[in-house]
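Each of the next two complexes has chain A plus one other chain: chain B in the first, chain C in the second.
Our next item is the complex of A and B:
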């Protein structure tokens, strides 16, 4: 892979991030409504207090250039400001607390969905019209079109409220929080099962459907016919020839999806009361918590850009034609 | 499938089984030494543990568990001993006697110095004509007319005021430990983090706060009052009431605050749950944009879309077109009260019903409009006095699912008068800004559908109608010098004299109709009866928790210790309030609720049928396409 190819991709990524930072600042301020009017309806509030709050949050200064310049300089130094809703807490803390839970839930969900989805898709595509294809593809289509809360709510009703196998919601019990580490892990595991199942099921469909299509395409390729003529077993052809080649279009999908791991699965997080970035986003939106919103969107934007950058590099390795 | 693959799958299955066996059986296993935990759920998320900074009911609950007010509330929401054990009233001052030998949870002595410090913060802010932090707490002291505070000795605190009202005993200012925050002035205290663990004098001390998830409180061994049964209290925050109710059913919660009418109806017939309909100290209203009334001012490119809104006769006529009983029944599921005056009935000492109530009568509304000079045009549309068809913009926040439902009824009823209504839902932040007059915004709206919640004293809910509230809290842009004069008058009065003035005020606002108060909301709360008993509504038409004070947290008893042979008469439970649960008997099943089990099975069966149907359709579809491809 040439250094030029790498350099060009890197510059592209960097420019995108800078553009996003500026656009984001402007976008949020174009939204109607100001945080000082979102903070509850206090019948006691005097104009002086409102003015003081505005000054505290820097809302009293002109948008451009004062607020913009202050925002860019502090962002560049890693200071994302203070949350308006969680009064006084630094944005890095508020957002930081939510990154872990989201990466754990959606990241694991992606991995499970990728592994199972690709296997089902590959097998279904290879044995097109077979039982696995009919059931797998049908189920994939249904799951693909289902939002997380439609998958999640029945899971809660059956396995948590009905059978009491798992907790209904949350990430950790307060008791386990202060207990021994092994107890913490078991408690976390119990809380993770249902949301992880919902997220994996929701993501699985896309992978399986795409993989099935890719395998069907490769099945007609000459090298598959050649392999068959050489007398290889069907399973070996699938594993050694068709599967790796069908994986190529998957790389893009996986890379983009991995970028969105950070963005979380908002509806899944809300149904399961999972303290991740998805729920934080909704909360920050309602409170017009600009600093937190900016923090989240910056994180999401950077991770999507980085994931795409990685995809470009991986693609460069996998497919020599793009390295021009 | 090859043999090796099968073997591999077998190994995976065994591994999965091992993981499951460590994860699964933990459910419900309680060891003897486990602390008794009271688990409470709410759909609000805690914003701050700093009492001066919280805007939310849940924030009040957190600081009231940890700290004491100078005077607390008893179960009828009347003044009760708190940080002060007793008090004497003189014409110009109230002398509070602080408890002897009281200790903070860290063992330090708690005395009048702590009160002087905390009230002093508010006094300093009042002197500077500003507020402390969010500005919710200190106005309580200002409203009580306190001019000076002093602490002549460790057990005496004196507040100077000529105000003879009860407001001095309803001051929502938690007494903070001076030995911890003493260095802070009123500006600095607003920035304090109040990181857990805190130090307080309340029954349960905040030990831990997991942002967006829960707070955990531990028993305060130094608490001066009755020690509660629970060793720990947890308050869990939920994003939706659906999840909260499932958690209650799964025995992960003992109490759920704020469920919706459907969930409430489902649970109230189940003996495993106690329920209550608590009257809320607040309402949902239509606020008419009357900008310019009394002042004659207009806003270029903004303000109300028609001059009719400034006309009392017009607003009065609209009042006859709203069937509030229907709103309560259809929007609130029957759980609420028809709205009338701007002092909610829950403030029993001050609420009056209007002298000239409007009853739902569309024909009367039409004739009143005709009489006031608002004629119909050829198309049946109502014209204002500029001969312009009246088209009203109704805006509401997205914070309550009931608002759009109510708006649909309003639209329908006003439509029958020949008045078109366009409705729009927006975020609270957007609406809060939209309604502001210049210089902040253009007050470009006609009707705002929103609500308010008040204090134990009606003052807070009155001042939103003052002329000087325009640009601040006013959402009707209403200005009437007579009202302002009456407001100032009642501020100085107490007892029956004040009630008489408040009656005038309520009738004035009702007759002038800058607001049409649609209904007084209610809080629907549900609790399990298998672990704790002794739930009491505080006051009797309120709820056990998320109310005035935190008395109920210490009054709960062990449900299992009660005789289970008398299921219909559980002693001490919900004290026989008509609105409370019919039966609060302890459940003998200990967690598994039979009737909700039937529901679960029903839902599962329906869900399975739907999935099977979809699968069948897809399968048939695939077969057909498969055949076509083969042809």
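Our next item is the complex of A and C:
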């Protein structure tokens, strides 16, 4: 892989992250309840006291570049300010506590959806117009049109409220939290089934549709014709020639999709009261806890940018044609 | 009558005949797409309901004018049951169609206008402006738009106040519309730009330039008519995304309780614990409508895209 390709992609990722941080900075200035307004509201403050406070917070310096540089520096060093709702706690701590459950949910959901979605999509695309294609593609389109919480709500009604197979909400029951580790895992699993199903189903549609299109495109390639001319069986052509090549565009698509997946997972978490970033987002929204909201956004945005950067690199390794 | 006038008239009538022929070809190709027809039928049904909700269920019920008992399942007077305030679910869902689709329409309009202007200007002008606009669109393409909207909406709302009004529309709805529009134009800009790049090398653009047309004129009169197909296909697909995003934002609690869209109804259902209580009638109607509308727009959009977009022809 050429250094130039790597360098260009890296610059792109860096520029995007800087742009996001600048956007955050500008939004901070837009927000109501800025220190300036708070200071102006108190009639007992003398101009000297206000000036001193402004100097301490760096508000006497010009917005650009001084305040911006200070903001970027503290953001880069992991200082995202303090939560309003959780008094005194740093944003990094508050957000950090919620990352685990979301990563568990989104990570497992991605794995399940990628495996099943790609298989269905590949088979449907290979046997275009067949039974699997008709049913699979139709179902995928419907799933693709469903927000994750719209998938989650019926799951609760049927399997939790109706059949009582699984708990309606939460991640762990209080009893299992202090019990033995095996019991902890089983309880976690029981809580995980429904949210995981919602996230996987929501993702599955998109992946299956995209994989189907990729396979259909691959099927017309010359090397597939060559493989067929060599007398290989259909299943071997699909497994050894078409499938690996159709996977290429999926690498990028999965990375680009990550932002939507996290947003969707946030809504699914709300439905299942799963104690991750989604639940935290709602709490922060209701309390207008802007520092936490911004921390969540920064985390999601940077993860998505990094995922895209990694996808570009992986793609560069897999497909020599793009390394220019 | 001078020959010049006759020629102009002949060219004009020729143009009309051409347009008629193209429309017939298009209709002929569209009618063969069964998925597109199904989508169109669903959309027409929803459009009628959204245009005249009073005709079907009377005025929108409020907490004051609610007619049923609280959170009760379907009965004779309330075919789809009632919500936790005793409002008729059928009434709410039908009125939700107008609100959801109006927000979707406005958001689509902003998305497409911004996307088309950026795409055409960047593609036609080229150079530094193109590079700059494309870097900006890079950022917006990668940004998780829904998550951005989640933090942008409350900030804007707090700045202008939730009770402010613009053209008689409540601020909450405007904010949702603008936020969706501003965060989702990049895809459209990219698609249109790539088409403009190839268009501007064509002979008719050179001819226009040679007879002294300015850039603005060329973009309006020569480039725009040639990307209008793409814009139409992209609008329909954008609408699907806009309704989807609006539902998500309203569900998270950024909607307007006084203008209950489907997402807002689902938000109320979640808040009143309807899923855990097994109150399926509270969730099924708005959820089904969202899925049907998004699905229908996707079907129509895909069919249009296959027919109108030269780059995606016959892929599906």
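Here is the rule we go by: the second predicted complex is superposed on the first by the 272 of 324 C-alpha atoms of A that agree within 3 Å, B and C clash if a C-alpha of one lies under 4 Å from a C-alpha of the other, contacts with A are read in each partner's own complex, and residues count from 1 in each chain.
Please note the rule applied: a contact is a pair of C-beta atoms (placed from the backbone, for glycine too) under 8 Å apart; a residue touches a chain by one contact, two chains touch by 3 or more.
Since we're looking at a predicted model, the values are computed, not measured.
> First (chain B), second (chain C), both or neither: which does A:275 touch?
Only chain B; A:275 stays clear of chain C.
> Going by the contact rule set out at the top, does A:286 touch chain B (first), chain C (second), both, or neither?
A:286 contacts both chain B and chain C.
> Which partner does A:164 contact after superposing on A: first (chain B), second (chain C), both, neither?
The answer is first: A:164 touches chain B but not chain C.
> Looking at A:85 after the superposition, I want to know if it touches chain B, chain C, both of them or none. Which is it: first, second, both, neither?
Touch partner of A:85: chain B, not chain C.
> Output check: A:15 vs chain B and chain C. Expected answer is one of first, second, both, neither. What do you get?
second
> Counting only touches as set out at the top, which of chain B and chain C does A:52 meet: first, second, both, neither?
first
> With the two complexes superposed on chain A, say which partner A:142 touches: chain B (first), chain C (second), both, or neither.
Touch partners of A:142: chain B and chain C.
> First (chain B), second (chain C), both or neither: which does A:229 touch?
After superposition on chain A, A:229 lies in contact with neither partner.
> Report for A:260: first if it touches chain B alone, second if chain C alone, otherwise both or neither.
Touch status of A:260: second partner only.
> Is it chain B or chain C that touches the larger share of residues in chain A?
B
> Following superposition on chain A, which residues of chain A contact chain B and also contact chain C?
31-32, 141-142, 153-154, 156-157, 160-162, 168-169, 270-271, 282, 285-286, 288
> Applying the document's contact rule, which stretches of chain B touch chain A when the two form their complex?
2, 19, 22-24, 26-28, 34, 37, 45, 47-48, 50, 53, 55-56, 129-131, 134-136, 139, 191, 193, 208, 210-214, 216, 232, 234, 236-240, 242-243, 246-247, 249-252, 399, 426-434, 436, 450-455, 460-461, 463-464, 471-473, 591-592, 596-597, 600-601, 603-604, 607, 611, 614-615, 618-619, 622-623, 626
> Give every residue of chain A touching chain C within the complex, in rising order.
Contact set of chain A toward chain C: 12, 15-16, 19-20, 27, 30-32, 141-142, 144-147, 149-150, 152-154, 156-157, 160-162, 168-169, 213, 216-217, 256, 258-260, 262-264, 266-267, 270-271, 281-282, 285-286, 288, 290, 293-294, 296-297, 300-301, 304-305, 308.
> Which of the residues in chain A come into contact with chain B in the complex?
For chain A paired with chain B, touching residues are 31-35, 37-50, 52, 85-89, 94, 97-98, 129, 133-135, 137-139, 141-142, 153-154, 156-158, 160-162, 164-172, 174-175, 177-178, 186-187, 189-190, 193, 235, 269-273, 275, 279-280, 282-283, 285-288.
> Which part of chain C faces chain A closely enough to touch in the complex?
Residue positions touching the partner: 135, 138-139, 141-148, 150-152, 154-155, 158-159, 240, 244, 247-248, 251-254, 266, 269-270, 274-280, 283-284, 287, 290-291, 294-295, 298-299, 315-316.
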